[in-house]
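The following pair of complexes shares a single chain, subunit A, combined with subunit B in the former and subunit C in the latter.
Moving on, here comes the complex of A and B:
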């Protein structure tokens, strides 16, 4: 049995991106907005992010993850978004047909005027970074440990080593410490931290947890359970320093906080183009992918460090998905990554709009007092730029009007 | 004789490197901040460092979840963070719970409450 339904905007994923996109679609005038989430409750990963620091930009106050999720759930419900939980999306095609499966409604096919992709990201796992050694229990991603500790009420072990200094790793170093697990240290293969400075202070310095840069786990020991790891310093090519002796650390748990990968398995069914730099879809200034009527936002599009930016970007995606603007207006400026720029979203801009356009960039190297250029038309001074931090740039319509059609190179200079 | 202590601002993602020149507790000068919040943070961090505590407590009868996320209503003295966590360790909260509900009143020496940060229905 399969039923066919119709809606104006379908949102795939009920995390912060999906909830904001659904709200944006409602604000943009869409009559029927349906949001699909496979969990029992929408809200996504925010439920397990019990720490504070969310909402400083959007709400001008510091909220915890669950509080941030609750506000958006309340708003989405009040706006009339239909939230379908325990609903698994099986497929999406280029004609904007979404196939879903749920205990409540069985198989359904949704014919949608627009689809917003908001599936988020997955954590990189041990096979993705090829850590050698045995394969015992006790090696897990930091996000899984977060779910075990904060939602399910299990501690992952008694003495942990954390590999990777991304924000989730830093947050979990503090979490485990507060729950009575000893955290021996955080190890980072890069010469600079992967997470935000503020997290290094409040999660590591506050609890005297050491951070070892340019060091990686070179061996996992233990047969059934992790018994320890060997850590080794690496050189500038991220290879173990020749002749360096590794150091054995006794532990029963190894947490991996080694990055996130946008979850685009469903997206690819539509035939859309991905950007290798972000791992997410190529999008226009309206967050529309290369497949007409299919939009993307949040971590499925590019990895964010602030949920506030996810919200902002998703509201834009939802609003345009609702068809709030008269007709589609193709962008005429293509953003090209120049020196110093690791990634850049969106991929195109329009020079014929009356609104601000927001660009999210990541830099390759840490820099101080540098200049960010958009061709020869626009530049901005940056006091600091770190690879771990999104640089958010807004460009006013009058500045954009001066951009000629064609390629526009974004680059950094001293 | 004045001394210098360095702090890293946690007010926003920029993470300004703050320098406090002081004679003991007495602050002489603060430099390195990019905004008012940075200046305030340096002053506070030097004289009375505080953090919002977020942790979880055991939840009984909750729908889908075994732990209730909680936070201190206001930033608490850094030295009291482990004390609060210890007090919460053996607590059991019964579902249902409303967001903002006081879980532990007057958890600190200066009377700051610990509150729930999510709604929980009964299972």
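Moving on, here comes the complex of A and C:
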């Protein structure tokens, strides 16, 4: 009743990470590379990101999301990647068997030499942030609103408040304004913005949309449909300031841009280890998870701010998944998060390679003119560091060779 | 014969009466049945020993309890007897447990037993280590309350009952007999003329229509609005108050942390804050119990959240506020004296079911039988139908099948090859079946199929469910609601000037109220 198939590299998820991983696997010499995506077309979230700002690093030009996706789709097809769309992955096990369901083929089981996880992330929702009040229609994540507007051609409402200053929220503030929806303001519980500075400028400042920091939505009003929200300032513990009177804002829509969560429910079926700091798998310098032959890249691994970094990381994952180079090679250095560091990917490094290594870090607090240390061996000056922006560090092989085996602490100092 | 209110009580009454040769109609103001208190509760089928001796509540709890196995088997909704533990947190609780045990045994509830420390540790290792004594009640169970409402109503409809949804009763007038049937027969005593306001419907969110229903017998099962409906008919009720309960659903990670429902010792107004292994397996904690002045107050609060999680730590310390994935609140309707009121009003032929607080869900099937016999006493002739069909075909739950079963189903039926809800693995086939069974709204789909109930809370499936509702019901996307009334999801782009009346969905969006 179910058919069994085989391939060299199976890529789960066809967003920018999956497409680049599939390409990377082809470049790495894998013969049969199959990519599964549950949508009608691969490309992932990029199709609904119709704004520009993609590809500045990778293509050295500014593309829209769909343009960026199309380039990778074309390249992947040209390279011979088999793209299976409308294919839902139901299960993955530690022996790299992938169970899929699709209208065209029903249930199939794929036996794979390597699997690359590229399922992306999902948005945090209202219950996750416990906003009190009623539960009317009109409270939705910014990403869902983006799909409704950009893909389906509808509006989520007429007057919106946006909670959270994550990038999707900022982009949607601009998009809705252009579509004739009144955006009353963006409210952020933290004392600093959650999205990229360029989005604060281009999406809020340019459209006179106010950003209120250290403020949250403390009540949702309305029975059937949102009728308004109450916003309240918060203290340093992120709790409503005692005695502070909230302000009622009349609106019919509350968009949430309160963060992304790596989508690892499938990954966990394989028994791999997750890093609580990123919400994604623990990976080696080759993007291999703790389960041999299973790799991860993109937002399923850690939340990215730029698609170009996703592409870069995914190419590496795919290339190693193809097993072209030295296959599985144990790393000898374990990166340990020290002061100021919120997360760090990958989790281990090797000091015996002939290529440079890229490390992606997030800092805890905004800092200026600081120094980033890798143990006592290597340091880098940073003019700025923001929690919302990935710090990307490349380390040359000759530097890596000096790193001692064992734990290496990464930390920030003034 | 008209039933006002399609909560679990009204639905159980409707289904019970659909066994007989009657012209039956249900009037419900919401878009689907069960959208009042009956979908917002703990879903517990209480063991039978909670209600005090001599109360209606106590008697019907135990009678109702014993009817759920057969109902679940006939209608296919989720139900399992998981048992419950009432734990002693303080020495003063011990006599209370003893009393619970005695009142249960007096009523005939089997299997009540005290558990000692060792038994508790072995059976429920995640309970707080300070808990040393508990009363075990094996007859307790959990049910999917909304599924129970949907299937009771669906089965009643299958047996000839008419469901008038989005029909809010606004007036009831008792008149002398008119020749309703048109056969010249006016010798059957007075009639009730019920006027219902109809809201919503396809492309008419703004329009309000009034419909008249004529009935010889009426049941008022309007839940929180029972006193309002009683007043319409001139039937009095003792004072009614509302007690709000907030409930919090926890992440799947905690599935299995308790096997049975965990109760603290009850207080006079509440059974306390519980840890509930719901019928779907997810753990739920709550409810709070606080009086509210608004019959429509379904807000969850910061205080309620803090109260629930602070208390639950005393029962199961491993549960933390961070585990919360969803929340809701429901209103208990409480009559003065704290007991159920199930009686015929002095105006005659008008049966009132009021003050149905907890354990109203448990008692609902027994309440239905009691109401049927009250109606019989009023002169309603209950003649059984020869062709009553008590069962519904069991629904497919793709996500709960084994891989082999999934493969077989997908091979045989293409509609089970397309996943609509990624968190709960709900297929297109299940969504379409739910719409055929009566789902009209996103919440209706969610509570029938679980689409949108998982971690992403509909982020992925909302647009897909909307498209399927639109396709199957032949309505525009802008007419789709979360739960009826004014709970629209999307509106059209503004129509450019000079382009008014353009064809298609965009212009039909103009009716959406803004």
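Here is the rule we go by: the second predicted complex is superposed on the first by the 413 of 414 C-alpha atoms of A that agree within 3 Å, B and C clash if a C-alpha of one lies under 4 Å from a C-alpha of the other, contacts with A are read in each partner's own complex, and residues count from 1 in each chain.
FYI, a residue touches a chain if its C-beta (ideal position, glycine included) is under 8 Å from a C-beta of that chain, and two chains touch if they have at least 3 such contacts.
Keep in mind the model is a prediction, meaning the values are calculated, not measured.
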Of the two partner chains, subunit B (first) and subunit C (second), which one does A:269 touch, if any: first, second, both, or neither?
-> neither
Partner chain in contact with A:153 - subunit B first, subunit C second, else both or neither = both
Using the superposition on chain A described above, determine whether A:179 touches subunit B (first), subunit C (second), both, or neither.
-> both
First (subunit B), second (subunit C), both or neither touched by A:51 = first
Counting touched residues of subunit A, say whether subunit B or subunit C comes out ahead.
-> C
Subunit C-contacting residues of subunit A that also contact subunit B | 151-153, 179-180
Residue numbers on subunit B that touch subunit A, as the complex places them = 7-15, 34, 51-52, 54-56, 58-59, 64-67, 69, 71, 78, 81-82, 85, 89, 99, 117-119
What does subunit A use to touch subunit B in their complex?
-> 40-41, 47, 50-52, 56, 62, 64-67, 69-70, 149-153, 175, 178-180, 196-198, 200-202, 205-206, 305-306, 383-384, 389
Residue ranges of subunit A touching subunit C (in the complex, touch as defined) = 1-2, 38, 86, 88, 90-91, 99, 101-103, 106-107, 122-123, 125-128, 130, 132-138, 140-141, 143-144, 147-148, 151-158, 179-180, 218-219, 223-225, 252, 265
List of subunit C residues in touch with subunit A within their complex = 249, 296, 298-302, 304-305, 321, 324-328, 403-404, 406-408, 410-411, 414, 417-419, 422-423, 425, 455-460, 462-463, 477-478, 481-494, 506, 509, 514
